[in-house]
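The structures come next, written out as structure tokens.
Shared chain: subunit A. Partners: subunit B in the first complex, subunit C in the second.
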Partner chain A sequence: MTDWLLDPLARPFMQHAFVAIVLVGAICGAIGTFVTLRGLAFMGDALAHAIFPGVVIAYVLGGNFLVGALIAAVLVSLGIGAISQNGRLTNDTAIGVLFAGGFALGIALISAQRTYTKDLASFLLGSILGVSRQDLLLTGAVGLVVLVTMAVFRRELTLVAFDRTFAQASGLNLWAFDQLFLLLLSLAIVVSLQTVGNVLVLAMLVTPAATARLLTDRLRVMTALSALIGAGSGVIGLYVSYHAGIASGASVVLVATGVFGLAFLFAPRTGAVTSRLARRLHFAHPERDVFAAEPTPGDRSLPAG
Partner chain B sequence: MSIVAGYLMFGVDLGLDYTLRNVILGSAVLGLVGGVLGCFAVLRRQSLVGDALAHAALPGVCLAFMLTGAKGTFGLMVGAAISGWIGTLALLAIVRGSRIKEDAALGVVLSVFFGVGILLLTRIQRTGDAAQSGLDRFLFGQAATLVERDVQLMAVLSAVVLAIVWLLFKEFKLLSFDPDFAAAVGFAPTPLTVLLTTLIVVAVVIGLQTVGVVLMVALLIAPASAARQWTNRLGRMLALAGLFGALSGVVGAVLSARISRLPTGPTIVLAATAIVAVSVLFAPERGVLWAGIRQWRHRRRLQVAALLRDLADRAGATGRVDAPALAAGGDLRALRRRGWVGAGPDSAWVLTPTGETEVRRARRQEAVWKRYLGRQMNLPPEAIHHGVMEMERVLPDDTLRLLEAELAREEAAEAIPRRPGTVVVDPGTEAAR
Partner chain C sequence: MTTAARLETEDLGVHFGARSALEAVSIRLDPAETVGLVGPNGAGKSTLLKALAGMLPPSHGVVRLDGVLVRRPNPAVVYVPQRTGVDWSFPVSVLDVVLMGQLRRRTRFLGFGAADREAAVAALERVGMDRFAGVQIGQLSGGQQQRVFLARALLQDGAVFLLDEPFAGVDIPTQELLIDLFDRLGKAGKTIVYATHDLAHASRSSDRVLLVNRRLIASGPPAAVMTAGNLRAAFGGQAIVLVEPAPAPAVGQGAGAER
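== the complex of A and B ==
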């Protein structure tokens, strides 16, 4: 057992991978709270796909892929805003069109390169085992920026997310804070690309947050839990990937989904199994008030998410 | 029918080679079906569902590949359909059984199925011979592997899908626009929804070889959103979307065949995206371009009208304005073009008779409008500006008549000119000016 745990830690590339996945899991988990509660899962997926051409162009030109990705992300989020202004298309359609188009452009660009399949695979699936020390520093720095910004503007971001009318009435610039949020989201996605890859970033954003949502009604607790679950599933997923020899991105996502499944079934109060059990207990022993913990509909509880 | 026609047109007459003909036909069929079905997805705001279903097909494809080991298409299609279906059921279970929102549930389903698919893919790639047909083929399609039998299968499937849509058009229409009413009049929404989702799974299956699972969503959403720009009628939207889809299929297939190293699937998607871009920009009414032009024209009309009124105020009874008083050169030209002002003696400008009429019309409007705002809307007099001139477009006719009658009763008719048609300009006074 100790070998199982310690063996991977002895290898430098695995050390890097562990640090990277903890960072990515925590960043995505934290910002994923807002993504899930605001119903922006599709937006996250779209950003992850649509920044792909930016990454490819930066890669072809030999520039920094982070810069290319960020430029693309800003363009895409502005573009989505512009298209959904046009009354006939809903937001999700605008997102869908832009994301598929951008992604197709990226693939078309990269397939013109010589080492097509290998590059494409590493972009899509991530190459966590190839994370360098420099990459780690970059990920850490970006992650710090994201988390600190989230902490500083916690009040504003929360207000803008959950009570837009009140936010506007109290003088907040909705557009600016929406853009700030999208920028943070893009940053989180960009640093995750290398680790878990293009397609599975979505899982890192949505799954830990959805799991946390099943376990709590408090935003702060949910954010912390979500970050913890993200980082934890990352670490366990890497162990599984190392010992079972399967793709790291996929195994991280599967572990995260496994945790979600457990919460879905057994979460206190809301779990599919637990709630049924509680109901049965209640009818069998009405004197034991098993519903006492049920939250009163009130100030602190979150909307469905 | 159209399939046969397609064969004749593209295959025989153009003398295309076997592979290209298959690719073109396959892409066209896919675009047609994707476009038609996509309309319902777009109208029901379920664009992400198509994406999730497409991704959910991957593990089924991989499993079928591992089990049969063959490159035969049929097994892969069955595998894709089965796992797409399981994905749908998982989605329904999560949405119904928890407080997770639909989009987050879709995200969870999409990523777990895709994760399993990737896992299986890495297994397949490790087995050797399938390496090159692995990632590329299933994720992004590999249209060049289409054989005639595949295209026939796709054609049959799409004929079935289109027939079902044709037969259940009314039901699907109700479901898309008013599901509650549909339920109330006795259509069962759940079976219909499941049927529609199943049809989308079939479309994904059709697109498996051509565009692959990752980009399939584009062929569902893009043609439908482009078609939405051009029409407000569902029937036309379906037809247009089918047309756009087929067109992007053909264009994408031909382009990728002509230009080396351009993969078919992404090229088809880019063609579809281009059609969306053109539609969003240029479609009548909604197009960004026309909307911009309309807005500019409107603003211009208001500017010119304001200038004319200022002019009339300055001119007073004489109808003469000195040229230097008019700083706005371009606007003045606009006034001349409309024939409202003309050059008078000694470098002065005078209002023409039509200009006078126009001024009267504007003043009348202003007065009625002010009265309406003051009375009906209870606005204090100081809050009423005379900026809004388009009263006749805003107010219903009877309200307008009522207000005018009231004004007339108050004998304000002298100060407030009546409708232009009723104004009689005395030629004598006109000449004296």
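== the complex of A and C ==
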């Protein structure tokens, strides 16, 4: 067992891979909270695909892929906003058009390269074993920017996600905060491309957050838990990938999906299995029902601000 | 008698693209006044409230708060949205929602202090919801949800309260709480405007009723405004039976003749 755990850590490329997946799992897990709460899973998937041409252009020109991806992400999110301003088309139609169009442009550009198949595969599925020290520093720096910005604007981001009308009445600029959120989301996606790849990044955004939502009713706890589950699934997934010899991105996503399945079945109170058990126990312990018992004045639970 | 209006509109019109939602509405709302905004669905009640709150730019005409042109939301105007516009499965507690009313006042890098939380709990006490402070909002009934919104509004402590359909789908104790709250806020000099399609509520708990259907049809004390003719103009004949106990044949014929 010790060998199973320590053997991969002795290899430098695996050390890099572990740091990368922890960073990516945590960043995507945290921002994924808002992706799931706002029902923006399709948007996340679309952004991941639509920034593809930006990455390819940067790669072909020999520039930094992060810069290329970010330019593409900003153009795409502004484009989606502009198209859905036209009253005849819905938001998800706009997303669909730009999603497919952008992705096709990326494939067209990369197909002109000589190393077409290999390049395409590494973009789509990630190449976590090729993560360099420089890549790690970049991922860490971007992650820090995303997490600090989320922390600073947490109340605004929460209010815009929960109650848009009231947010607007409170004087918040909805457009500005939507764009800020999409920018943070794009950053999270971009630094995940090398690790988990274009196709599977959606799982890192949605699955840990969905799992966390099943386990808590508090936004702050959910965000922390989602980041933790993302990072944890990453580490376990890498171990499985190393020992079973399967693709790392797929392995990580399968572990995250498995954790979600466990939470869905066995989460306290809300799990499919546990809630059935709880219903049976309900008459034995009616005092656990918050509405059945009159709470005493000292019972008031105030969350720390 | 030329005291300043708290909130007023002059020839206010709001268009969404080619569709006109409101036309030529000129109203004045005074301090210590409770005003029921009555009209059928799609009459532009929500639009008028949003325009008063500075959330929708007028297509023509103006909105003034204490004589000053309203261009954007103002902290003195408190807006209470419809309950149905919110995702109640959201992972926040009752206290979290009430504290959203403090957004303008807190400092960015510090969390809410003990004083903020005490004020929020005090607001919850005023609506009888303090013992639910830590409860996730998805577990509340419709009336309780409305009370949480009211507590959030009270915490904002404005001069004008604009409420969109506060009576819709709430239990009777909450309806009575609303009426009592309007009364107290009115005595404290606050201006209250609430939208409703319920004529009975409007006549029972308003100093004045504004009857709208894309334009202002009538304005005045409930008894003076809720006449058969006005209601027919606003509702198109369908709602008259609700307020006139003895259906006069003349009214029925009149409504029939109009169709």
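The rule is simple: the second predicted complex is superposed on the first by the 282 of 305 C-alpha atoms of A that agree within 3 Å, B and C clash if a C-alpha of one lies under 4 Å from a C-alpha of the other, contacts with A are read in each partner's own complex, and residues count from 1 in each chain.
Following the convention adopted for this analysis, contacts are C-beta pairs under 8 Å (C-beta built on N, C-alpha and C of every residue); 3 or more make two chains touch, one makes a residue touch a chain.
Keep in mind that what you see is a predicted model, and the values were worked out from it rather than measured.
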Contacts of A:Thr158 with subunit B and subunit C, given as first, second, both or neither: second
Touching partner for A:Met222 - first (subunit B), second (subunit C), both, neither: second
Touching partner for A:Arg213 - first (subunit B), second (subunit C), both, neither: both
Partner chain in contact with A:Leu183 - subunit B first, subunit C second, else both or neither: neither
Touched partner set for A:Phe166, first subunit B, second subunit C, both or neither: second
Most subunit A residues touched (candidates subunit B, subunit C): B
Touched partner set for A:Ile246, first subunit B, second subunit C, both or neither: first
Touched partner set for A:Thr257, first subunit B, second subunit C, both or neither: first
Residues of subunit A contacting subunit B in one complex and subunit C in the other: 87, 213, 304-305
Complex contacts: residues of subunit B adjacent to subunit A: 42, 45-48, 51, 55, 94, 97-101, 103-108, 110-112, 114-116, 118-119, 122-123, 132, 135-136, 139-140, 214-215, 217-218, 221-222, 224-225, 228-229, 261-263, 265-267, 269-270, 272-273, 276, 280, 286, 288
Contact footprint of subunit C on subunit A as seen in their complex: 37, 87, 152, 155-156, 158-159, 161-166, 168-172, 213, 216-219, 222, 290-291, 294-295, 299-305
Of all residues in subunit A, those that touch subunit B in their complex: 36, 39-42, 44-45, 83, 86-90, 92-97, 100-101, 103-105, 107-108, 111-112, 116-117, 120-121, 124-125, 199-200, 202-203, 205-207, 209-210, 213-214, 246-247, 249-251, 253-254, 257, 260, 264, 270, 272, 304-305
Subunit A contact footprint on subunit C (complex, rising order): 17, 53, 55, 72-73, 75, 79, 81-82, 85-87, 90-93, 95-97, 99-100, 103-104, 106, 108-109, 111-114, 116-117, 121, 130-131, 133-136, 138-139, 152
